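Next, two complexes with chain A in common: one pairs it with chain B, the other with chain C.
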Partner chain A sequence: MTDSAKPQLMDRPKTEAKHAASETSGAAFLAALDGTRSAATSAHDEALDRLPVPHRRVERWKYTPVAAWWKDVLSTEVHTVQAAGCAANPVPGLDAYRLVFVNGIFDALASDLPVHSGVVCMPLSQKGDAAVQPVDAFSPETTDWFAGVNGKYGQEGLYLRVAKGVTLDRPILVHHHTTGSGVFNALRHDIALEAHAQVTLVHWSTAASSADGSVNILTRAAVADGARLHIDKVQDEEGQVRHIAFEDIRQSSDSHAEVHTVTVRGQWVRNDLAFRINGSGAHAELNGAFLPGEGEFVDNHTTVDHRVAHCTSSENYKGILYGKSTGVFNGKVFVRPDAQQTNAYQQNANILASDKASINAKPELEIYADDVKCSHGCTVGQFDSDALFYARSRGVGLEAAKAMLVHAFIGDVLKGIKVAEVRLEVEHRLAEKHGWEVWSDYPNDDA
Partner chain B sequence: MAYDGKDKVLEEVTGKSYEFGFTTEIESDKAPAGLSEDIIRLISAKKEEPEWMLQWRLDAFAVWQTMEEPDWPHLNYEKPDYQAISYYAAPKQKKQLNSMDEVDPELRRTMDKLGISLEEQKRLSGVAVDFVMDSVSVATSFKDKLAELGIIFCSMSEAVKEHPELVRKHLGTVIPTRDNFFSALNSAVFTDGSFCYIPKGVRCPMELSTYFRINESGTGQFERTLVVADEGSYVSYLEGCTAPQRDENQLHAAVVELVALDEAEIKYSTVQNWYPGDENGKGGVFNFVTKRGICHRRSKISWTQVETGSAVTWKYPSCILKGDHSVGEFYSVAVTNNAQQADTGTKMIHLGKNTHSTIISKGISAGNSHNSYRGLVQIMPSAANARNFSQCDSLLMTDTSGAHTFPYVEVKNPTAQVEHEATTSKIGEDQIFYCLQRGIDAEQAISLIVNGYAKEVLNQLPMEFAVEAQKLLSISLEGSVG
Partner chain C sequence: MLKINELKASVEEASILKGLNLTINPGEVHAIMGPNGSGKSTLASVLAGREEYEIEGGSVAFDGEDLLELDATERARAGLFLAFQYPVEIPGVSNINFMRAAVNGKREHEGLEPIKGKDFLDMVKEKAKLVELDGRLRNRSVNEGFSGGEKKRNEIFQMAMLEPKLAILDETDSGLDIDALRIVSEGVNAMRSPERSFLVITHYQRLLDYIVPDFVHVLMDGRIVRSGGKELALELEEKGYDWIKEEIGA
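Up next is the complex of A and B:
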């Protein structure tokens, strides 16, 4: 293929206009942050200047209100689970290594770092910036304003290296806890797996019921040839906490990466996942379930970028929206010109369970190669009245019948959660939030 | 793949010349290039328009000056210089025509070349045609016969003069002036177009048709179509277009507004075959069109489009389902070849209860072209029991072309049922093999497969158009084996 024949559309720079009021708010926000902490680096200042502060006219932020972000800039002295009064391990019975971050600071006493040959795992602050993977033109820091904020202020997080061929014996639980009022926490995790290494991570976010603040988490992971990375990500934050999370995952040949996201609770949640598949034979899997209740907002943005031939990706997001809640799903599958024989699948199904709930879905395909199989489906509906009738005619109450349907509806997403204890706890917390007693009666595969 | 004649056949297609690329040597009356209030006053004066119309244009111009050309479409083109275009070009006519026989013979020949010999069509297919060249409607056939039923079918400029109450009542109600950059531009400078009114309870006995042609160089075409179907009426409306082969990019920014009052039905079909530019992407028409219809109670609007031409297409025929039980449909086949780019789709805005919409979009990309579907399905809180089904399939012919899907689904009512599905694939090698095995050559096999693929949409077209569309499809794709 000659250069002139290459599509010019692919990386066409789009001019996204800055919005004066948003720029002012954003600048004031940064200035206020500077007053409460010192910036980790000035490396992202250029990007922060260049990128528009998100507002409704920026396509990626069309459905996502950010006004509530500007008020939370404080840092707090509460840095241990003991002071915060929360459990170090939020998942009962989970046998895992553990890193606990309270309000963005590593709590060494509550943590249990892995001691395993070939595994380097420590808080980022102990490692130093030089060891961190560099930022490039595709990194969230250079493409999204909020990620740029993370780059500027995020100083702590997980530093993980797994050597060639090493499989870590237990999962690593990364627990973030937020407490206090008006707080702003930024964390960044830096993960690299060498060839054929394997690791399972559980990212669990919690917040005190009195908490009020913002959390900005950025995870960068490089998955080398034949390596396997599995992330179970659970967001269960009480209080008035806004949570934005970026995952930037780069895959090499024959690697396997999975991220399973379940949003149990969260006032305002945005997940921004990007998989870049740079080696053939790789597989990416992204699943998610979100069940926002009254007043909650959940936004899932995903990008799967197929850059080379013979790769597969599978994506499945399920949403059930209760009360006056809003959901957003934006999935983008990108198949570059050389990525022949790509097989990409994307599914997004939503149920509106309340007349005040709304969903905005945008499943996108952008395809520049011809010998590919790409499909996506998107549905919005309600509980199947026939199924409800069937259950009720057999003596199951309406709410219980609905709970049953919910269990079936998000079952395939929950099933993807690798760590059984995490899955059970997620089910337990969902049932608790929505008052589904019936769930505890279900037989469990792992029991 | 098994078939080795691929390159040869591909060359043939790219070498295929545009059939309608001739120009007509008609003296024309052309305004100087550029856009200003004076030009708008000139256009308005030339059209002998009433004062309210001029004011409407000037307001639109003021709005347009504050707007910016959209950057969000998935298109890559050099933005036209709006001051380098002549906004008015009319085939010169000495006097008001009384019958078809008085039409300039050159013009008649153009029509013949386009295969729309008006007389013949009158007799054979019973289609009433309004022919718009450059910016001015030059002939409308069958007018008297339609008038007997109370149907008004005439050029827009005539309607402004003779039916001001209807035009004033509906013009700009579906697509307000400030709707977007191109609709504002059109509102300021539109020169002609078609107007159609079907009275209460009348079923229009024949297809109404408009044929658009850009002839002059350095001009743009800005026509405006308004179709009003009064309560309980029915009309089927066809639209076709061609342009001469030129090195420059010509601009076509039309606005089409449909109003379907209670229990009315409008079927609007387009076969768009503007000059697509040469194989290197030089020349060709920029087709920036705003089309929208509003459905009142129990009414129905159905858009069918076959898009094969234009260098750049930006077009989203939409339905506002305002009335309860109204129905919106969108059927589209968009074919892009060589360096063509298309960003097309629809918007279905559900406001009324029990409203239904269907979207079937078939994209076919060949050469180095890019074909995008962009659609919005919006269910507002008031739209109880709304139902939408969308299907967007893309067929890729070459590894240098692109197929993209950008569907927006916004649902604010829990009783809604919305389904969207999209697939992208290339023509099945097994299907071609099956045909080859049975003595059908690759060329024909592709034509067969593509026609089968697009059948759901082609079936929606009126008979005369379906034949033309099928021919167009095979010409546009001849040999594009991928």
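Up next is the complex of A and C:
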């Protein structure tokens, strides 16, 4: 089969229509950034020019409101790192290496970098001439305007290299905190694991209750043959902070990569994950739980791209939407013509806990190979009233009964979180946000 | 213990209970029998506080309290228990944690601290023996994948854990084979006491061979149309309900 005869895959950036009003807004946003920030590189200018500024008529942005981005008044004020008070570990009891960033600036005093044979771990700004992941046609920077903005302004982040066969003995906690007004924080993490290397990362984002502005985080990871990358990602941001995050993960043969995303709090959150599976025998796993409350917006866009044969992927996203909140789930799975014997699983289940909440859920499977096993399911429902009544008839209070059902509902996602302390802290923070009794009272089938 | 006076209730605008009177004293076992659609399960649901039912008149006093003013949780904590005809499956919530939440809810109502882990497990062990509920079922998700008999045994286990003042058994015999029926009945009988009352709703006399009632009532078209001793159940088994219909001119 010649290239031209191959089916056109939808994940290639389409020439999407530009929209005059959003182009004007986007240009004004960039002009404001240019006036207040120094660009890391101008290499992305051309890509940015070519990419449409997101608007509702672009399919990938159909359900994601971007207007709030154009209302930012960017501050030139420098928020000093010392004043942020990020010395405390956000995850009690977690024994981990730690990189702390405040408003995109590395906080050396609060950090504890690994000193480990075969591991290079430092803030990106200190890497010198060391190479980063090359940008190609599938990189977020060349396919998405917001990622392009990160490409241009993102100067700081995690730079991690793990040598062949090395397993880092403790997780690396990457804590990003946002504080102050009119902020724009761009952070980029560049990770490469050589063959059979193993590392666990905890990405933890917080924001002060008085903070406003935006956070833009781009993570790129190359996972070589037989390597294992595990990311637990927690978003718990107060204030009026918009958070957009991209994960671009490239997998080689027999590698294993997992990302578990829990959105505890966030006024406006969009997660854009892409796994590209380039080597046979690889496994990708992506799970997520989002529980937006009144006025919050959470969007999870995911892509799993099976490019070669004999790989597996498993995806499980659960949403519970409270108050007047909005959620989006979009899960693309591509199985390319050569990706025979693929086993891909996708599940997205949502509970609308309020009649004012809404969810836009869209699984998209494009399968071009004929000998594959792909399954997917997508549901939207409400709390099971029979189960609630049953629990109440045993003397369990209504709120406790709901918390019990919530825990049962997202339990399988929480179980996937690799670091136990992270899971426990996530449960505590969710309980605190929603006014539940602490969940440890209802451990899930651990007995 | 329980005094129901002229209770009227409807669901989705269909009137089901049409002026029901029933008094249960402490320690008594009452059975309610009646043809399909007579309102037996509605009575159980209304007493337990299911919100889909509209109360259109009458009163229910439970242990001196106005039962109809309490929500489902409060009724349970006040000592009312309903063994469901169709116990609900709750995937992801283990039976044992479910019961811990229930027991602690009751203790909170009584002004007690949450039960200690060891005391709770001891209690589970003791009560599970009553209905031969093995450890496997205790740790599994509530009723998930349980057989019909296991579900009903689990209901009686929960009842034993919560030690209610009044237990309503809604067709607990449905779907039970003879061995399960015996186990469930023995569990119930072990809990009979001068302070605890039972309201046993059933289609069949068979259950009443095991759980011998003090009184038998016939519910028909939303009212109790006849009451008697345990021999009334035998008479119904033999003659069906038609003769009562004729007698009351329905």
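Following the convention adopted for this analysis, the second predicted complex is superposed on the first by the 409 of 447 C-alpha atoms of A that agree within 3 Å, B and C clash if a C-alpha of one lies under 4 Å from a C-alpha of the other, contacts with A are read in each partner's own complex, and residues count from 1 in each chain.
Criterion: a residue touches a chain if its C-beta (ideal position, glycine included) is under 8 Å from a C-beta of that chain, and two chains touch if they have at least 3 such contacts.
Given the structure is predicted, the values throughout are model-derived calculations rather than measurements.
Asker: After lining up the shared chain so the two structures overlap, which partner does A:P363 touch, if you call chain B first and chain C second: first, second, both or neither?
Answerer: The answer is first: A:P363 touches chain B but not chain C.
Asker: Would you check which partner chain A:G381 touches, where first means chain B only, second means chain C only, and both and neither mean what they say?
Answerer: The first partner, chain B, only.
Asker: Tell me the contact category for A:K373 with respect to chain B and chain C: first, second, both or neither.
Answerer: Touch status of A:K373: first partner only.
Asker: Identify the partner contact of A:L398: answer first if only chain B is touched, second if only chain C is, both if each is, neither if none is.
Answerer: Only chain C is touched by A:L398; chain B is not.
Asker: May I ask you to decide whether A:K415 touches chain B, chain C, both, or neither, giving the answer as first, second, both or neither?
Answerer: neither
Asker: After lining up the shared chain so the two structures overlap, which partner does A:R56 touch, if you call chain B first and chain C second: first, second, both or neither?
Answerer: A:R56 contacts neither chain B nor chain C.
Asker: Return the chain, chain B or chain C, that is in touch with more residues of chain A.
Answerer: For chain A, the partner with the higher number of touched residues is B.
Asker: Please identify the positions on chain A that touch both chain B and chain C, taking each partner from its own complex.
Answerer: Chain A residues touching both partners: none found.
Asker: Please give the residue numbers of chain C that touch chain A in the complex, ascending.
Answerer: 48-51, 71-73, 75-77, 81-82, 84, 87-94, 96-102, 104-106, 109, 114, 139-142, 158, 162
Asker: Would you tell me which residues of chain A are touching chain C in their complex?
Answerer: That would be residues 384, 386-387, 389-398, 400-401, 404-405, 407-409, 411-412, 441-445, 447 of chain A.
Asker: Show me the residue ranges of chain A that touch chain B in the complex, using the header's touch definition.
Answerer: 1, 5-10, 12, 14-15, 59, 337, 340, 350, 352-355, 357-382
Asker: Can you list the residues on chain B that touch chain A in the complex?
Answerer: Within the complex, chain B touches chain A at residues 71-72, 74-76, 341, 368, 370, 379, 381, 394, 396-426, 482.
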